[in-house]
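Okay, got some structures for you below.
Paired with chain B in one complex and with chain C in the other, chain A is shared by the two complexes that follow.
Now for the complex of A and B:
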């Protein structure tokens, strides 16, 4: 049976009481360790929030608070002695960035938080990333997935240039391209049209997408 | 009958020869007039030539002054990001946090003489002169609850709204003078209404408690300082289900709905009176054919029923520069003669 999220924790996140949520998890981690706290308390709460978010029952701000909490608890866990199985990067490396001409960093940063908590090492290239830089970075990091964020159609239309760069270097079979951002939520058909391999409707769903894409590469 | 008369008739609940309509054609207009968008967004004369070229095909009731909200932040030191063939974006906001931004805003008068704002005001004046009352001139402006996001970035503004509401109020209050000064300058230049994309009072962005207690009071006070009627633009978020929250906003004469909104739900939530503008997303226009566009327009128009306070415009960003010009004529042909 899946662990149930704590009502207190869920309520604290949804009400934006980040410090209360952090204090609750920290107290539990002092007693049970961070790994146990994250798997038994934080992850069930994030699953519930992800479900509410996917069904548009909560706001972007509430998802943002969840992302901040994930980032803070992971930083605390990694600084603690019992990080053990939480060590970031255990699932591999991914490269994230906003597509060329795009400067809307919020979504990308939230995705990075949830991916890190899920065990990915994130190489974050920031805003306005040229196609060549994405591919150079993925090769340098020995990563297999590029996550590209674009908010508007005008900038999302730069995505095919990343696909072209991947194909031009003969990497199509060994890399996956994930796309995210408001425009893909509004028009999911663009994911394929613009050459991406998948998308997630919310930042909190990004880890599941990245795991699925990774599994496609390592059957 | 003129465009402003059609809009006023719709607001008064009177059906006329056709519903009022208009599309945001900054980049498209530039292309139609033979210029690059970058040229038109820097030269008021070229911008107006573009609008005239678009209006020759579309024959709209409503024309828009330059939709470049980023210029409002650039006036305070933000850095502009040119986009190929499209409206400018903001590469870097001018301030790091809410309190620094509030201090800076309070320390100096609204920089109406900054290059970007001067361009928008001069384009407004020339556009108003060019249409000479035949079309309603609408000026886009950042809403008082969204202007702070231009000044400090979306994430910092969200942080302030969530975790430091006093700082959020302080910055928003400091921005009221900017909103009032710019709205007044638009009115003096000949604009007859403002279009304001509004995001941070939408419960899909901010939780409803903070919307009611923090963001909506900011918007109410800010909008109350406008000398012009305001069209509340959905800002890319679902609006119809939340419209009941916004019925009491001062100066708001109409709402631009988004692609996912339900017209009947919107009218039921807001009641009779305000203009509700149905939309097709601007970026989607380039993919239509005249036939598919007519079919989409017919589906939208059917949902109006007998509601006189109905209009049409585009949602989201402006129409792409490469939109086929015959589509503007298709919109014109569809609405002409449809009372």
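Now for the complex of A and C:
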């Protein structure tokens, strides 16, 4: 049976009480360890938040609190002695960035937090990233997945240039291109149309997408 | 033969700027506004825009909007319609080069109409009711604030000081006037009228 999110934790996130949520998880981690706390308490709460987000039932503020909580608890876990099982990078490296002309950092940063929590090492290139930089960075990091965020169609239309750059360097079979952002949630047909290999409806679902894309590369 | 009367369907964020020059600067076109707060709900904005555009039939239509809803491209692709270029109202008002420069510096913009509604935007629309959370959110993703002074009303200095103090971020004023907005709307009207089948027959 899947673990259920704690009512207290979920309520604290939804009410924007980040410090209370953090204190709750920290107390649990002191008793049970971070790895157990994250899998038994944080992840079920985040799944619930992700479901609410996908159905547009929570605000940007509530999503932000969930992302910050994941970021803070991961930082605390990595600083703690029992963090062995949570070490980032155990799944591999990924490169993230907002597509050229896009400056909406929040979603990308939430994705970075949830990927790190899932064990990925994230190379975050920031906003307004040109296609060449994405591909240079993925080669430099020896990563296999590029995650690109775009909020609107006009910026998402820069995605095919990243695909073109990947193909021009003969890397099509070795890399996967994940696309995220509001426009892909509202118009999922654009994912293939613009040359991406997959998308996730919410930042919380990004780790599952990245795992699936990685598995395609390592049969 | 004169064609049907053109229409500008505009985001309410431009109401002061366009109304100040209406109707002389726009050749007698009709002006229709939708609430700027619809920007926060893109799907609803799309529905409302679609209803409005459908109700206007085949008249030449200039859309004074950024890329603010999922199907904006398709809505503006119909021959007798044209949209102001730019990803959002701030780019339309500032021009592409200045907009990009400021965005790269981590600037969050306040158009005049939204400055007066800033608490509605942050507390109600974004859910950032707690000042500490609102501050953390803004400081996490932005480095500075800028008020876009379109010259149609006095700069609300006390209000801008209040916003800057609330977020603990520096506020600057971009004095751009309304030229970029007016030029973009006029150009969109011209493109819409040129593509209008009735006008095309009359001119052809």
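Note that the second predicted complex is superposed on the first by the 219 of 219 C-alpha atoms of A that agree within 3 Å, B and C clash if a C-alpha of one lies under 4 Å from a C-alpha of the other, contacts with A are read in each partner's own complex, and residues count from 1 in each chain.
Rule of thumb we're sticking to: contacts are C-beta pairs under 8 Å (C-beta built on N, C-alpha and C of every residue); 3 or more make two chains touch, one makes a residue touch a chain.
As the structure is a prediction and not an experimental result, all values here were calculated from the model.
Once the two complexes are overlaid through chain A, chain B and chain C clash, as defined at the top of the document.
When the two structures are aligned on the shared chain, A:103 is found in touch with chain B and with chain C.
When the two complexes are overlaid on their common chain A, residue A:128 makes contact with chain B and with chain C alike. Contacts of A:59 after superposition: both chain B and chain C are touched. Shared-chain residue A:43: touches no atom of chain B or chain C. In the superposition on chain A, contact of A:153 is made with both chain B and chain C.
By the touch criterion defined above, A:186 reaches both chain B and chain C.
Where the contact sets of chain A with chain B and with chain C meet, they give residues 16, 18, 58-62, 64-65, 101, 103, 105-106, 109, 127-128, 152-155, 182-183, 186-187.
Residue ranges on chain C touching chain A, taken from their complex, read 42-43, 66-68, 70-73, 87, 100, 103-104, 125-130, 133-134, 136-137, 140-141. Contact residues on chain A toward chain C in their complex (touch as defined above): 16, 18, 58-62, 64-65, 68, 101, 103, 105-106, 109, 127-128, 152-155, 182-183, 186-187.
Touching chain B in their complex are the following residues of chain A: 14-16, 18, 56, 58-62, 64-65, 101-106, 109, 127-128, 152-155, 182-183, 186-187. The touching residues of chain B, when paired with chain A in their complex, are 81, 83-86, 89-92, 153-155, 158, 161-163, 203-210, 236, 238, 259-260, 281, 283-284, 316-317, 320.
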